[in-house]
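Before I ask anything, let me first share the structure, which is written out below as structure tokens.
Lettered A, B, C, D and E in written order, each chain numbered from 1.
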Amino acid sequence: MPVLEGKELRIVGFLCNWCSYGGADTAGVGRFNQPTDLRIIKVPCSGRIDPLFIVKALMNGADGVLVSGCHPRDCHYSEGNFYARRRLEIMQKFLPILGYEPGRFEYTWVSASEGQRWQQVVTEFTDQIHKLGPAPKIVGPEASDTLSLMQAALK
Amino acid sequence: MNTSLNYAYYPGCSSTGTSVEYDMSSRAICAALGIQLQDVPDWSCCGSTPAHTVDHSLSSALSARNLDQVASMGLDSCITPCPSCLANLKTAKHKMQDENFRDKVNKLLEKPANTQVETKSVLQILVEDYGIENIKKKVVKPLTGLVVGAYYGCILNRPAELMQFDSREHPMAMDNIMEALGATVVPFPLKVECCGASFGIPRKDVVMRLSGKLLDTAQEIGALALVTACPLCQMNLDMRQSQINRANGTKHNIPIFYFTQLLGLALGLTEKELGMDKLCVSPRTLLNSIAKEEQIKEKAA
Amino acid sequence: MKIGVFVCHCGSNIEATVDTATVAAAAREFPGVVFATDTMYTCSEPGQDEIVDAIKEHNLDGIVVASCSPRMHEQTFRRTVERAGLNKYLFEMANIREHVSWIGKDREANTNKAVDLVRMASEKLMNNQPLYPKKFTINKRVLIIGGGVAGIQAALDCADGGLEVVMVEKTSTIGGKMAKLDKTFPTVDCSSCILGPRMVDVAQHPNITLYAFSEIEEINGYVGNFEIKVKKKATYVDWDACTGCGICMEKCPSKKATDTFNEEIDFTKAINIPFAQAIPKKAKIDPEFCTMLKKGKCGVCAKVCPSGCIDYEMKDEFITEKVGAIVTATGFDLFDWTVYEEYGGGRYPDVITSLQYERMLSASGPTGGHIKRPSDGKEPKDVVFIQCVGSRDKSVGRPYCTGFCCMYTAKQAILTKDHLPGSQSYVFYMDIRAAGKLYDEFTRRAMEEYDTNYIRGRVSMIYPKGDKLLVRGADTLMGTQVEVDADLVVLAVGAEASKGASKLAEKLRISYDSYGFYMEGHPKLKPVETNTAGVYLAGACQGPKDIPSSVAQGSAAAAKVLGLFSKDQLESDPQVSTVDIKRCIGCGKCIQTCPFGAIKEIDFRGMIKANVIETICQGCGICTSTCPQGAVQLQHSTDNQILSEVNALCQF
Amino acid sequence: MTLVKYLKSTDLKSWLAELAEKNSVFAPRYEGDSVIFAPFDPEQEIYTKSAATVPPKKTVFPQSEKLVDFTYHKDPENPGKTLIDGKEVLPQGTTVVFGGRPCDVRGFSMFDRVYLTKETTDIYYKARRDNTSFITIACEFTESTCFCHWVGSSPSDPIGSDVLAVPVKGGFLLTAVSARGETLLTSKLLLEGKPKVEEAEEVLDKVMENLGKAPDLSKSPGKLLEVFDNMEFWEKVSAKCISCGTCTYLCPTCYCFNITDEIQGLKGSRIRSWDNCMSALFTMEASGHNPRPTKAHRLKNRVGHKFSYYPDLHDGIISCYGCGRCIKSCPAGVDIREIVLKAIEFMPTVVEE
Amino acid sequence: MKFQEELKESIRKALPELDVVIGWCGSFDPLHATPHFIYGEEDIEKLEISPLNVHNLATYLPGMRGKKVGVVVKGCDSRSVVELLQEKLISRDDITIFGFPCTGVIDQSKVKKAIGYVGNVQSCDMSDESLVVVVDDKPHSLKLSEVLAEKCKSCRYPDAIISDYFVGDRIAKKDPAEPNYKELEKFEKLAVSERFGYWLKELDRCIRCYACRSACPLCVCRDHCIAESRDPHWLSQENNVRDKLMFQVIHAYHMAGRCTECGECQRACPVDIPILMLKQKMNKEVLDIFNYEAGVNLKDTPPLLSFKMEEENITEKDW
């Protein structure tokens, strides 16, 4: 089922099991309303997130990607988010050269108790993606398929 | 020390009436310290009490207009001696961040106002920008022998989130300045109590009670004078001191200075420049005694 | 794969904002799904039976349940599918409650999102493999961190249950906050009379090893096999030889040492024993105040010590202990109330904390149980108690209720009257929270029998007036301003997480909330567990607690440990990394980044390869995202599993 | 009487535009610094001076092509039952490729012997092969990597082409070399070619002269087999190979492929894509065993296949037409000519007792 | 080259202890060189040191683990050797490094652009400042500076960083001290849609030969690259520009903090796709965030394989 046309954009979230997924649960338990665009993929640790998953999601048509892990020093595996921070940061800085706006991908830290913060992060990020609008999509086998679409859109 | 302190100056309405000496002394000390002031052109009322009790957007519109005037001067900060004006100008800037409110206010104005300008009190820039240490260096006539309490009033540092200066409950800025001037500062426990302020007209009895308590406390702790930073406080304590005495059966004779006046004195400015003659409770005896103390010290040296 | 999908209504929790029947219908169109239905309560017995029946009837070999968070019921459903003969890892959950139905009311959007989540789950499931746990032996020793009443209870229960216990206490005596109290509510019985014997039990129990004046330096390992590095801080006194006779303390000329046990209402000596009933009753030197250690002169204690146990050269010592489980009972600390400038911000000596007052009331305290004003030593007549100082106050960042202040304030008001019959106590309160057995009766007694004047309202200002303190506040019931001329003001200061709690949490790899209190596994169902296997909580480290609750939690944590240790072997989580030896090129990047040292280099037919030691691997997956050729894969979170979820969501 | 026409260079684009009305037309042009075959675009310059960087192999044998699209249909009554519905994706329409070189185009005759045999016919290949015409440009210049004359071809070899275009002053002399070629030469834009025939012959003679003498490769099949087991020989000649796929992917005669299924949801496709014998994965078996574990084994196979095994199966025909791309574009400068000659000249060292 | 004979002498000295020494020699035409494997005395004479020696010979080292290998390196190549040693992908004991002062190499595509058609080069004479290329009897004179590879213009390591034998006089470290990313910065200023379109257009002609990867000295996964694997299944074999671009991102990311910008990926590309820019971007960010440059210090750890508790140069989004 596609995203709700005109209403939602495709936003993928990668959340660590211990903190941020719990934080999203806490937000749910607290009935903190959130936009519906985000779909969450649970991973054991933010250190498990290969930044290439983010690129893969964007190239496959995601409009935004949000990664969230435990706050630095609070990693359940003690070091995962430290590695993640470096890797995610470098990918975030890299993406613009491919033609993705800097705000398409963000990463942050939300602990299991921070339901409210999670609500705020989701709301703000969704808002940010809606402001950017749909991400450029690669369609068809040849570059010309996409390029002609892009030109049409510009006209 | 920053040698090129330069601010827009917003005098506020009371500076043209009841607190003319506050305005005079503020300007005089800034000149003496090399702080440049440029008057906000065509300034108007800040929208204080009368306006904001009726309509918040109207009140903010007045302040927003003044802030816009400052912005048009090409300056990014504005100072005012009056805490009421300060509160209103800051409130307007804060509220204008809300889109709906901003639209409402801008509709009342000729053109949308630029309210990015920061407003500070004269006291704040003296402490934060100029620095008490630097003031100390400029003192030529120390206030030796003057036992003084610092009274801040209730709105100078409140609400703390907005004012972002000193402590909301236990401010020390004026205490520290007075100490730097050579005065003996006694801790004034009611430094942030209300003087009765604008009840002055409708409920004089409230002022008698509240301000009376302030004067009683000043006497108890042995303060020979109080310094203030607020035209309303000063007025209630100074102009109404005889009324208070009458109502409460007390015999206070405590001079109530603006802190700028005492600062000016220490910087060597004349009493006239500082508007000492505008005070209702005469400071004459007290000022003479300071001079005398100073002479004794000089002789001893 | 033949997948069955169960979409839970959760009563109306999900059904109210998600059309579960539509979700189930959509799921029937997914690849591999051969059965899909919506059920009222999937976690209930009939709900679980339905899963078991469907597995048998439709020959299912994979199950998706769309319901609440996997943190809630993943274990439940894994057991269900196991009951039906499936491997429990051939199961996936879609969280359509916490992540969908509870966070939005748009039924169309929610239903659509739920369908997506179910598709992700079933696509991932198609890539799942059956996984089998390995068994490993456990070390049946337990570490208790913190020697307060909760820790003592946990230690004694474990030790009585036959376990070897290692207790580590930061200060030089156990007893914690309770040891500082004079009496306890609501019985007004003597605190040291009930705690003292328990402390002695700890010291004498053959199964308990106590490290006082020690801290946790490092924690390694995992449930069943933790390795703890304990730092025994230098006391400059050989505790094996020290008899606790106290002569050193008597003769020490340095009299201005901070007396933390007495909450700094008095000074102690540079060499000191915190109090007479201390366990262990051993002296230690505070180097900050010792002239010998600072300037190399003095040495009086060494001269007078009859057992010659003073050692000025002593250094911190590190000891390694191996345990299988850990109970943290690190307690609380008092909020720094000096941020309240309106209460004088610490400028007025006669404004004190409740715990300082407690020391003053205590017969073994520095005043010998006499209530004296710190400023002039006079007996106070009018005593004002202010409640909720650092509790229920958003403006100082402490919005929570500490919970026990109402009770101890009532107790202190009663004791004040007992000590000084001519005195009058006033209590400024916001609400009286006296929910507990005999609690409300107790506060009533304070009001009715002891004439305590309870004023509902906050204090706005305290300022000196002559030698008195003028306390001004509001009486919200009367709608008036109240001014009390007080001789002494006692602040009921709220509790916050103990200092260093967050640092310890990092070592334990457990979560804590924004105030530093440790997170329990589940707010209702797992009150003493954490999300880290083998680490349990007891007492106020989880949140402010009174003595009975702390003791109850100590026992609960002990029960959990005894339960864990009732087996000889534990099963390891099979969600660990494995190396595809054909793909591994032996570059060693995984070895370099593994936080647990779980990957080792091996020689495989003359080639260097990586090898994961399953029992050490914790399943974080850093290695998997590090390996450029994807040779190390974290089971149950493999690249292909995550990619299948990404692809289920994003397809151009 | 063969049909000969003269095409002025200035009319080239108009002629191709005419052909593009009924066919999809491919012509070489610059993309970045490389010359590739791309759909004819009147806006872009056509490059005709020398062979393109990438041969037009993809026009008949695409780098990646869908063979079958398939869908799983679920029985609405019983989701457990699924039917698979597969559809062949056969290429449609006719194609004209302009600007290939004799060595490029003749390459397809190598494919034909594999894909169009009596026993099996590859329908996808056949569909494209039957519907693709080649207007080939004979080479006016030779390059240092050219060796078509070593392997029985020449700069004007017409095999596989439909029209041969010889560069002459101001344009091309077009000669129909197949019936299909004649139908391509009906445009009014084309002028009578006879007056240019002589000039064209001179051009071709000059090229042959430049190419010089070719070594005798008739012994290569046998000689290569002789060194088959000499791994030291192969290790040395393959030492600088970096195992990329450039040589095979740029080779007009390499025809190996791989087949993979890509599935998304209930839909999927079976894909055929170029494979590359220089890659270790080419012969990797499911067990993990690899009969060609090193690059020496793999390069041996590539050279052996072209200069020994294929000729053995196909009447001595060497499956290389000497375009030289594998030499020119090799990132490491591996020269297949050198290897073949080394093998031919190889004398086993006699170990004296 | 002046020190060519000296180098041959060093190799001659070292060869008896080694299985092979890798250098360069002439190739199919006078404008090209090729890697040259020296097994015995008889191979030494062919060795040539010239600006045509573009190949980074470090590429061969990880595949020759266990053998005693000598390798001749330019300054930039030596960074690859350092990086390989740093990551313990080769053993210092097994390799013997021959260094020389490198004055830069020639970019073949620049020569092609300057001359046009270079199919039949008859001779190529090089001096310190220029080269004369004769194509089809026609001489073309080019300034060396015009056809020098881009990386050489801002070279900061002309001499091998690490070597066992160094011949010739060392060249003092040249300016600029910081890497030159002017072209990249220009590209970064384009509109997002232009950048997006650029890569699609450029990568469209990719033939997925993976020469970029095979030529890269630090792509050590070689036969196990995830580009072609099904488990993990990152890329499909479908004909689409998405997967082609995705592979370039994979390559760039796997090189992050490891790439020494030797430029072999781009040079090896048979269809001249400007993929080096992606690696330069990665390097620029690595330098910015971690103040790190790959392959200059044996003791370093690549930044993505390590971390700091407090990252000075990472400012996270404030929500």
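As a convention for this text, contacts are C-beta pairs under 8 Å (C-beta built on N, C-alpha and C of every residue); 3 or more make two chains touch, one makes a residue touch a chain.
The structure presented is a predicted model; accordingly, all values stated were derived computationally and were not measured.
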Those chains which touch subunit C and also touch subunit A: E
Subunit B to subunit E, fewest steps along touching chains: 2
More contacts between chains, D-E or B-C: D-E
Taking each chain's C-alpha mean as its centre, the one farthest from subunit A: B
From subunit C, the most remote chain by mean C-alpha position: D
Closest chain to global C-alpha mean, per-chain Cα centroids: A
Centre-of-Cα separation between subunit E and subunit D, whole angstrom: 30
Where subunit A and subunit E are represented by their mean Cα positions, the distance between them in whole Å: 35
Centroid spacing, where centroids are CA-atom means, of subunit C and subunit E in whole angstrom: 55
Intercentroid distance (Cα basis), subunit B paired with subunit A, Å: 52
Touching two or more other chains - residue numbers and ranges from subunit A: 51, 56, 60, 73, 79, 83, 87, 138, 141
Per-residue multi-chain contacts in subunit E, two or more chains: 204, 222, 234, 238-239, 242
Where subunit C touches two or more other chains, by residue: 582, 593, 626, 639, 643, 647, 651-652
Chains that touch, pairwise: A-C, A-E, B-C, C-D, C-E, D-E
Residues of subunit B touching subunit C in the complex: 167-170, 189-190, 193, 217, 220
Contacting residues of subunit D [partner subunit E, same complex]: 31-34, 36, 49-50, 53-54, 62-65, 141-146, 210, 236, 239-240, 242-246, 248-250, 258, 260, 262, 269, 271, 273-274, 276, 279-281, 327-329, 331-335
Subunit B-facing residues of subunit C, complex: 340-342, 345, 347, 461, 463-466
Residues on subunit E engaged by subunit C in the complex (per definition of touch): 87-89, 220-222, 224-226, 229, 231-234, 242, 254, 301, 305
Contacting residues of subunit D [partner subunit C, same complex]: 72, 74, 78-80, 263-266, 288
